[in-house]
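Two complexes, one shared chain (chain A), two partners (chain B, chain C).
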Partner chain A sequence: MIENVPALLIVLPILVATLPLLVGLRYERVGWTVAALTTTAAFAMALWLALVIFTTGEAVIHQLGGFPRPIGIELVADRLSAPFVVLATGISMGVLAYTRRGGPRGNSFYSAYLLLLGGLLGLSLTGDVFNMFVFLEITGLTTYALIAKGKSGESAIAALKYLIIGTVGASMYLIGVGFLFVATGTLNMIDLATAIPQQAGYGNPLILTAFAFVFVGFAIKIALFPLHTWQPDAYQRAPDGATPLIAALVSTVSAYALFRLVYTVFTVEFLVSIPHASEIVVTVGSISVLAGSALAVMQRRVKRMLAYSSVSQFGLVVLAYGLMNDTALLGALVHLIGHAIMKGGLFLAVGTIAAGTGARTVKEYAGLAKRMPFMAGSLAVLGLALVGVPPSIGFLGKWFIAVGAIEAGIWPVAVVVLLSTMLTLGYIARLLERMYFTPAPTRGGAPEGSLATDGSGNDPTPGAVSAGMLGVTVLAALLAVALGFSGGAFDSLLGPFIEVILNG
Partner chain B sequence: MSPVDLLTSVPPAVPIVLAALVVAVVPRTAGYAVGALATIYLFAVSLLTPPGEYLSVLFLGFDAQLFVADDFSRLLGLGFGFLGTAAVAYAASSGLPRTTLAFVLSYIASVAGVIFAGDWLTLLFFWELMAVTSTVVVWAYGGDAVRAGFRYAIAHGTGGVLLIWAVAWHYVETGSLALEGGIAPGAPALLAVLGIGVNCAFIGLHTWLPDTYKRPHIAASVFLSVFTTKSSAYVLYQAFPDGHLYIAYMGGLMAVYGATFALLQHDMRALLSYHIQAQLGYIVAGIGIGSAIGITGAMAHLFNNILFKALLFMAVGVIIYRTGEEDLYELGGLWREMPLTALGYLFGALSITAIPGFNGFISKGMILDAADPHYYGAPEYEALYWLLMAGAVGTLLSFVKLGYYAFLHGPATTDVRDAKPGQTAGMLSVGLVCLGVGVFWPAFVDILPFSSGLDLHPYSPGHLTDSALLVAVSLIGFAIIRKPLSALGHVPDVDRILNPLVFYTGRVSMLAITGTFAAVDRGGVAFVRACYWVGNNPVLAVGRVTRRLPAWLVGEHSPADGGSRASSDRRFDGGESPREPTQTASEPSRLYLRTTIGGTIMLIVLALTVVLFVLVFL
Partner chain C sequence: MLELLATRYAYVAFIVLLSVGLYMVIASQNLVKKVIGVNLFQTAIFLFFVASAYVEGGAVPVVPKDSAGPTEVIVSPLPHVIVLTAIVVGVALTAVGLALIVRIYTEYGTLREDVLREVRSDD
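== the complex of A and B ==
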């Protein structure tokens, strides 16, 4: 029974995605209900799957159609993928609490929503590099659709931009997979791990080229500087209800996939034996940390600022991939999960605030603490967690990465990691200062920017904020703090896996 | 521990500074007692400390000698200590506020630091401190004195900086900060002579002197007239122990210049101030000659000048104190009303004009002998000798004038009282010392430096004849010029040119500096803002650049950017361009898409190339 759960997790959302459109012909607002039921079921299954994996310690492997490995496609749920499956289903379920009132409305949105969930779960669970490309495309295409759900022309532009750039990224990944297949004759991840050194050798130009294509392709998908250009537009122009999902999951699962490819397919021996391989990873990450933070500080619009913040935070994660020690890798995974929760929560808060007050720029956040104390509080808590103030999941991740950088003895990187905390404070402090220490402008003239078209067309109307919107945001803030005490738990859950990939 | 050990255990400046702090807080009477004790301490230290080096400390890697006693410093210390005590008594009854006395004591402390300094670093430190504290003494009076104090501060600040440069350059050239041997020749010497020249009131650098000293409290003027100029003359000797012809002639010219301008003054304290310059001229001339008798004469005149110049400021101060009148021509016949003050003035005037029997006769005679080519001097000092003689005539004339108009001319217009007891005590004690030095001159000569080998005959018939001749010439001269002199109005000094010059130079350079700074600042801010704008609006930036490119380079671009040049200049990140009509707000420009997407694809290719290159080829 349990070995079918991975397949079910992928198939269920994709199949159900047709229902809102079909049933919607008869019942107008059925989409949310269908999505809610499906995500809840998926979340329950994900929890069960994770429970089985962590109690038995064995990976759950599903062979599609019963074909064994060299020919058939495998779905693998192991210690690494289980947390991300839980994360994806959980956040999908949580964001629905926002979209019920906050929108966007319409059955087609929920179809795309469920398709996206299916794509993300597929990315997390697949054990086959070509199959991963398929799910990458599913994820990408549905993301384009979600961004385009914004009502303004800019949303369409942002979606088009992501469509072109994202497809280039996925195609580069596909080219990389092609090189791997040419070199080894297999597409299965576990087979590749042994086939690369045995049949081609790490130094084989085909393998090196494959690594370059895969890394650059995923750098686009993860939105690392300077390949991030699609991302701020996409996050800003997407509807307020879709941004949390996209920001929390799409890049996160892509980063997970990169981790999977680097450490399961290419393995740590590749990074060690090939000169400059790990240096490239660390350098790209470090540049992204600094540039992303600098760009974030410069922004006037809160959503765009948080988008650039993601460029910086994912830089931190990728940087940790290149450090190749257990502390740094644990930090990378913890920060990946933590960032999803924090950034999702932040975008939920931003959306709720926009719905309640129409405030979208940093300037307009003046005096927000008085007008929306819970949202301002959640924003403050999540922001400080992102900075890395203990106790919070953000602190855990940054702490492990910093310790890992110091253990690795690469001092410039350690400095970058510590600097990233300060730079994060640079843009979070702007928000805090506005919300808590700048008095609200006097009511008289409409605040500047309230007429600005931001793409989602959310006008502040009374009753625009529901208890669900408030509740899920506060829940994210609480979760970010509560998980700050889970350092030991993460270590015991993920530690054995990291031990295996580092030491064979 | 013997008393001498106790006295030499701290730099002389320290107890005086402590006294200044005490004076600032205790009641006035107690404060004046403490002030008198502090000046008596300075006298005692100078009297009791045997020559030698005490208190050497390591400061910033330099060996700073805080307390070196020799013949020079002891002589100056005795003069400053004695005069200081008399002046404190004078000030006590002249109503000098307690806080001003505290500033005065800190001023005296810095002067003590200068004269007992054993190296240039320590000397510089106290030299700058002296400039600061004396400025504060001027400022403390308020009113007119504040603006004059600023001019004073500018002059002494400039002089101080010049001396710092001189010492720094000297250190670079010689590698030593010891006082021995003076300042290195060349640029350091030039800087030093200018820097010290400000304090010594060289012609052209002297405008601060008559400008400042006539303005503060009468008792403050007494202190100011003594310390800065005299200690600076001593520093001039330390910088140029062998003298210099130019310095000697500068001294001669100062004597004539100062005496001439003194003669032209109406304001009594301004008259006395110009005489500071004139008498410094004799001292500078003696230092410039550089022979043993020249330096001995200079130091003797320096010591005597401390006494009689302060005495004259005291007497004039009493007149101002009692009558409230500063203008000489408004006074007259005061000898009947103020006989004690007149006596004090007489002692001072007889001393400064070098009448036999008084101290000025002894010291001025030594300097004249040093310059006289028929005596100790050399042929090149012939002109100097006559300059100094002319200065002596001018001095006589102006003090005859001052005495005549203040005490003799006509009946007293007002009914005034004489000097108060403290003022009288101060004046008469100093006056008696002036007389004593003139009479018991061999004892005085014994404490002068380089005096052992000198064979002096001040009361020789030749000297007395010269003196009588000078007096006769002056009295006849005064009778002739008295009328035209009183008809003469204010005669402008170089300050008429110098003050506006300094002011506008300062203003223009200040504006130039702040203007340059503001321009650089504006440029920097504009640059950062431009980068910021380009970062936020990359598409617009590209659009503006491409529109400026020549057509042959980019081809026909008007259809490519959406057919409208204006539409490419729109903000797409916010849609808030005020210039754009609403119907086109959501219509994108192709340029925007081409730039962002094309640019990113280019970056992707670039990144891939770099990664491939690094992995495969490095």
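== the complex of A and C ==
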């Protein structure tokens, strides 16, 4: 039974994605209910799967159609993919609590939402490099559709920009897959790990080019500087209900896929045997950290600022991929999971604040702590967690990466990691200062303190903020702090896997 | 060089198409032409897969039930299946891209990127 769960997790959301549109012909607001039921079922299955994997310590493998490796396509749920499956289903469930009131409404949104969930789960579970391309494109296509769900023409432009750049990225990955296939004759990830040294050898030009194409393709999808240009527009112009989902999951799962490809397919021996391979990965990550933070500090709009912050945080993760020791890799995975929770929560808070007060720029956040104390509080907690103030999941991830950099003996990188904390504080502190220490501009003696009062002069919408929107944001903030105590747990869950990929 | 062109012309065409597609995506101001560029870029990859799967004198990978087994050289069907799947993905992408362009055109009345930039900066 358990070996069918990986397949069910992918098939269920994709099949059910047709229902909101079909049933929606008769019942108008059925989309949310369908999505909520499906996501809850997927979350339950993901938890069960993770429980089985972590108690038995064995990977759960599903062979599609009963064809064995390397002929058939495998779905592999192991210690690495299980946390990401739980993360993807869990965050999707949380975002639903927001979209019930916060929108975007309409059954087509929920169809795209379920397809996106199916694509993300496929990306996390697949054990076949071409299958990964297909799920990468499913994820991409639904993301473009979700961004275009925004009301203005700007969101269509942002979606088209992402579509063109994202497709080139995914196609580059496909070229890499093609070169790997020509060199080895197999597409299965586990099979490739042994076939690459045996059939082609690590120095083979085809393998080297394949690695370059795969890395650049995923650098576009993860939005590393200077290939990040689609990302700020996409995050800013997407509807407020879709941004948390996209920002928390799409780049995160792509970064997971890159980890899988680098360490399961190409393996650490490849990185070691190729001169400068790991240095290039570390350099690209470091530049992304610095440039992303610098651009974030300059932004006026809060959503755009948080988008550039993602460029820098993912730089930190990719930088850790290149350090190749167990502490840094654990840090990378913890920071990936932590960043998803923190950034998802931050965008949920920003969306709720925009719905409640209409504030969208850093300037308009003045005096927010009085008008929406819970949202300002959650935003502050999540922001400080992102900076890396202990106890929080953000601190844990950055701490492991910094220790890993010191263990690797690459001092400039350790400096970059510590500097990234300072730079993150640079843009988060601007928000905190506005919210807590700048008084709200009063217009015509409008009373302060009531939720619906808007300092910026926009019409407040009474009842725009639901208990679900408030609850899920506060929950994200609490989770970001609570997971700060889980360093030992992460080490015992992911440690054995990292041990295997580093030492064979 | 000449020998390369004569024997490996499909791979040379792959590189040329890839470059032309990428150049169109970057240099063309027309949004529809950008999407065509993306299509060309993908088509180049299809060509690469099909060219790599070509075997001189290879037979169709269908073995009759009662035969003793394959006696001749058989072509691997996998690259062709990959191309078929990738074509489907490409069609879906083109459809979404063109739908977005239709929406941009109704909103701003132009298909050119430079005009679009001007119109938006006026707002």
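Keep in mind that, in the parts below, the second predicted complex is superposed on the first by the 487 of 504 C-alpha atoms of A that agree within 3 Å, B and C clash if a C-alpha of one lies under 4 Å from a C-alpha of the other, contacts with A are read in each partner's own complex, and residues count from 1 in each chain.
Criterion: a contact is a pair of C-beta atoms (placed from the backbone, for glycine too) under 8 Å apart; a residue touches a chain by one contact, two chains touch by 3 or more.
As the structure is a prediction and not an experimental result, all values here were calculated from the model.
In the overlay built on the shared chain, the residue A:Leu208 is in contact with chain B alone; chain C does not reach it. In the superposed pair of complexes, A:Leu160 makes contact with chain B and with chain C alike.
Applying the stated contact rule after C-alpha superposition, one finds that A:Glu137 touches chain C and leaves chain B untouched.
In the superposed three-chain model, the partner touching more residues of chain A is B, compared with the other of chain B and chain C. In the overlay built on the shared chain, the residue A:Gly468 is in contact with neither chain B nor chain C. Of the two partner chains placed by superposition, chain B and chain C are both touched by A:Val168. In the superposed model, A:Phe181 lies in contact with chain C only, and not with chain B.
When the two structures are aligned on the shared chain, A:Met298 is found in touch with chain B, with no touch to chain C. Across the superposed pair, chain B and chain C both touch chain A at residues 153-154, 157, 160, 164, 168.
Of all the residues in chain B, the ones that touch chain A in their complex are 532, 535-536, 572-576, 585-588, 592-593, 596-597, 599-601, 603-604, 607-608, 611-612, 614-616, 618. For chain A in complex with chain C, the touching residues are 130, 133-134, 137, 141, 144-145, 148, 153-154, 156-157, 159-160, 163-164, 167-168, 171, 174-175, 178, 181-182, 185, 187.
Against chain A, in their complex, chain C makes its touches with residues 18, 22, 25, 31, 34-35, 38, 41-42, 45, 48-49, 52, 76, 78-79, 82, 85-86, 89, 92-93, 96-97, 100-101, 103-104, 107-108, 116, 120.
By the touch rule above, chain A contacts chain B in their complex via residues 152-154, 157, 160-161, 164-165, 168-169, 172, 205, 208-209, 211-213, 215-216, 219-220, 226-227, 229-230, 233, 236, 274-277, 280, 295, 298-299, 301, 304, 449, 452-453.
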